[in-house]
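One structure is given below, represented as structure tokens, and several questions about it will come after.
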Amino acid sequence: MDAYKSSVDFAEATAFLSHACYEQDKMALRATLKNKSILSGLLSRLSSCSSHGRVCVSPVLVAQRRNNSTSPKLKVDFNQSTGVAVMHMQNPPVNSLSLGFLTEFCIAVEKLEMDKSCRGLILTSSQPKVFSAGLDIMDMYGKKLEQYEEFWRAVQEMWLKLYSSNMVTIAAINGSSPAGGCLMSLSCDYRIMADNPRYSIGFNETQFGIVVPVWCKEAMTTIVGHRNTELTLELGLLYNPSDALKIGLVDQLVPEDQVLATATKTMTKWLAIPDHARRITKSMMRKPTIDKIMSIREADMQQYISFISKDSTQKMLGTYLEMLKKKRG
Amino acid sequence: MDAYKSSVDFAEATAFLSHACYEQDKMALRATLKNKSILSGLLSRLSSCSSHGRVCVSPVLVAQRRNNSTSPKLKVDFNQSTGVAVMHMQNPPVNSLSLGFLTEFCIAVEKLEMDKSCRGLILTSSQPKVFSAGLDIMDMYGKKLEQYEEFWRAVQEMWLKLYSSNMVTIAAINGSSPAGGCLMSLSCDYRIMADNPRYSIGFNETQFGIVVPVWCKEAMTTIVGHRNTELTLELGLLYNPSDALKIGLVDQLVPEDQVLATATKTMTKWLAIPDHARRITKSMMRKPTIDKIMSIREADMQQYISFISKDSTQKMLGTYLEMLKKKRG
Amino acid sequence: MDAYKSSVDFAEATAFLSHACYEQDKMALRATLKNKSILSGLLSRLSSCSSHGRVCVSPVLVAQRRNNSTSPKLKVDFNQSTGVAVMHMQNPPVNSLSLGFLTEFCIAVEKLEMDKSCRGLILTSSQPKVFSAGLDIMDMYGKKLEQYEEFWRAVQEMWLKLYSSNMVTIAAINGSSPAGGCLMSLSCDYRIMADNPRYSIGFNETQFGIVVPVWCKEAMTTIVGHRNTELTLELGLLYNPSDALKIGLVDQLVPEDQVLATATKTMTKWLAIPDHARRITKSMMRKPTIDKIMSIREADMQQYISFISKDSTQKMLGTYLEMLKKKRG
């Protein structure tokens, strides 16, 4: 297989770095991450305000406009009879993984995890054309050291929670899913993607001078192997659904309007397996990776803070944001 | 590749857990496993009795009827001129891996291993339609702790002996090969399977609430990669020959009547390689896995005993056996 | 996939073990390997003499005739404007990796590595029909222990330099590339091969009773996975370009006259990625393997010396060389 050709053309590669404000969510996050058992009341503390985000469909770059909404960024539909929860991400316009969103996400997953009647989780997007655009660039620019730490801890937490979930987790990828969105998908047990050639999935970080964390590499390697991971991460490749299927980055393609229905049907098959046996097996498969990540978690944090707070990194991000502003005119 | 679709339908998945009596073999096993250098006379001590097993071809479950035969469970044809031994498994009706069978198997492999004139081993089945149905459920039900230990040590030993063999080992898979049968196949250097869509190979343990040991996962990962292993083990997948070939679970498919002939022909090619170089290379490829397994062997034993002796596990197996009895009515 | 069938027929497998003299290069090598910072003047010290090598196109074995030339074994074209160096291997007749060649190669790579304006390296051959025939058998036969050590250190160094290079490295494989030539290719970031079915690539060592070093296995496993590596190394397989592409041993096939042009075009795409991000990512992907190798480097050395200085090994190599002489009659 010509892995190189199977990637999208560089010139067409699209960045989905995005940003959103999340002022009201910070206290909630702090409480969550410092004391994960305190779940009560956090969601209700998120104050509400009007949203005025919109998708900027520049041919080269898409980024999230300021979005002051702190209305729930997730809609969770839990079906008691099937034991399956569907989590709709609704952080307009592109489900960027802001500190606020990640906080809400971690709380929601933990809630379901603790509910013994919930056995399966389907993750999907309420936003058109995008599953998730990845990490919110606004949480990575012009902040204090402790804010960078807070954000990165939330990113680590999101991955750990999803990757080590006892539930069956299925990503119903109904839109583009670059960078952090791809990581989120990779953390699930199974990936179903809309067969729309305009959507893409992968890790385009290096194209913008950014480097993915090592746990991203570990998780991806277990799915698509070392060589595909090497090519993807070094070249910052995004794949169209058909190429993503070829290398195993997603498991199945279906027409766009059947993504959720197929996820639901697939979930039934996974839930036919006795829970305890499936869980022990899942742990057997993933524990080595989780253990490795846990052992380097603080080193990874220091590495991130050091990298993101560098003058050169901040300057690069600043230039990038300026460019976005001008594009919007 | 849609790994999910390439699996057999759950509803059609067939369990091959089986059972057979082996009372007369126990002393032999104990001697073998406690002092592996004592090989003499063990086979002759196996007393003989009439067999009245038959294959139960229920559409859902196949299990081995009580089979009191202790006639040799293996027929070994060693061709001095080619240096190749063909080992025919003949533990009717479905070559279940009972304590008795495993004992005889380990002794036979060790005998060949110590014979310098024997360079290659072809493993095949004398039973129609099945290569091996996997571990004998009767050795896992209603026994004493030391009996569980004895059985599991024999299972570990079988895998270690085959996986670390200096001989070229080829599995001539002329029938279905689920669970333990698949493990046996995976331990060989090369796998040739009968191209009969009614046959299947894989690990269906989770479908019955059972979990494969970690060394099973390690060995499978080296053959088909992490992702295929994850899907197979978590969902308890059995593959038809064509799908097994696609993911690399077997190396070659041939018409049913040519399985043994092809194995013999393939063996000639492997034996064209100077033994010492091939053996050192084989060790280089497999030693890391073997070392890992050896280091956790006792932990694996404790885990097995703890799991199998649990009330819930025993109850589940009991229910399963009751169901089989009724089916046979 | 039938990995076995996708290999070339054993009978057609061709050994490219070769030999060349290198007397004048030894002092240079010693200086290089003992004090890697002393680069100056080494190349100029290589004295010159006439070459009278020719390719011996025996259908079964190809080996290099004595070649007394110590004229530069490499031609390096560095394009300042693109930042790309093209390194043409010209060690007639088959670019055997002799001590002299390896010395010159390591010096040249280090020179480019230290030149900040050089961002990419394309490795190709000036010799017809062959990329590199692998290690020079003359450096492995009839020498003193310290000479074996010297040679093997150069082999290790070549691999380490190439595998851990900060530059983008592309192998433009315009001919056969067995054994050491394959290792050289595998150390690069990307492999483009001439689509000529008469060329082959792989590791045929076991066919001659030789075993590849463990780092060869480690590197290959990251590219084509464990199973393909196991089959290749144990059976000593060489693949034609089409089969090499199928298992991922090369990334792309192009017509023979377009290999270098395609490599140049591909390099442009790799260099479009910001250097620092690509380098950190490359290090993240390769550091675990490099660390592992560094930790066993001396053990690997002792193993090599012990193996190569054995009477049986030397006798085998002697017989092989005699056979070559007779063939040339």
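When the chains are written out, they are named A, B and C in that same order, and each has its own residue count from 1.
We adopt the following convention: a contact is a pair of C-beta atoms (placed from the backbone, for glycine too) under 8 Å apart; a residue touches a chain by one contact, two chains touch by 3 or more.
Please read all numbers here as calculations on a predicted model, not as lab measurements.
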Next on the checklist: Counting one step per pair of touching chains, how far is chain C from chain A at the shortest?
Outcome noted: 1
Checklist entry - Would the interface of chain A with chain B count as same or different, where same needs over half of all numbers used to appear in both copies? => result different
Checklist outcome for this item: Taking each chain's mean CA coordinate, chain A and chain B are separated, in whole Å, by 41
Checklist entry - Which chain C residues sit where two or more other chains touch them? => result 225
Item to check | Of all residues in chain A, those that touch chain B in their complex | outcome: 189-190, 221-225, 245-246, 248, 251-252, 266, 269-270, 272-274, 276-278, 280-282, 284-285
Checklist entry - Which residues of chain B touch chain A in their complex? => result 1-5, 10, 205-212, 214, 217, 225-227, 229-230, 233-236
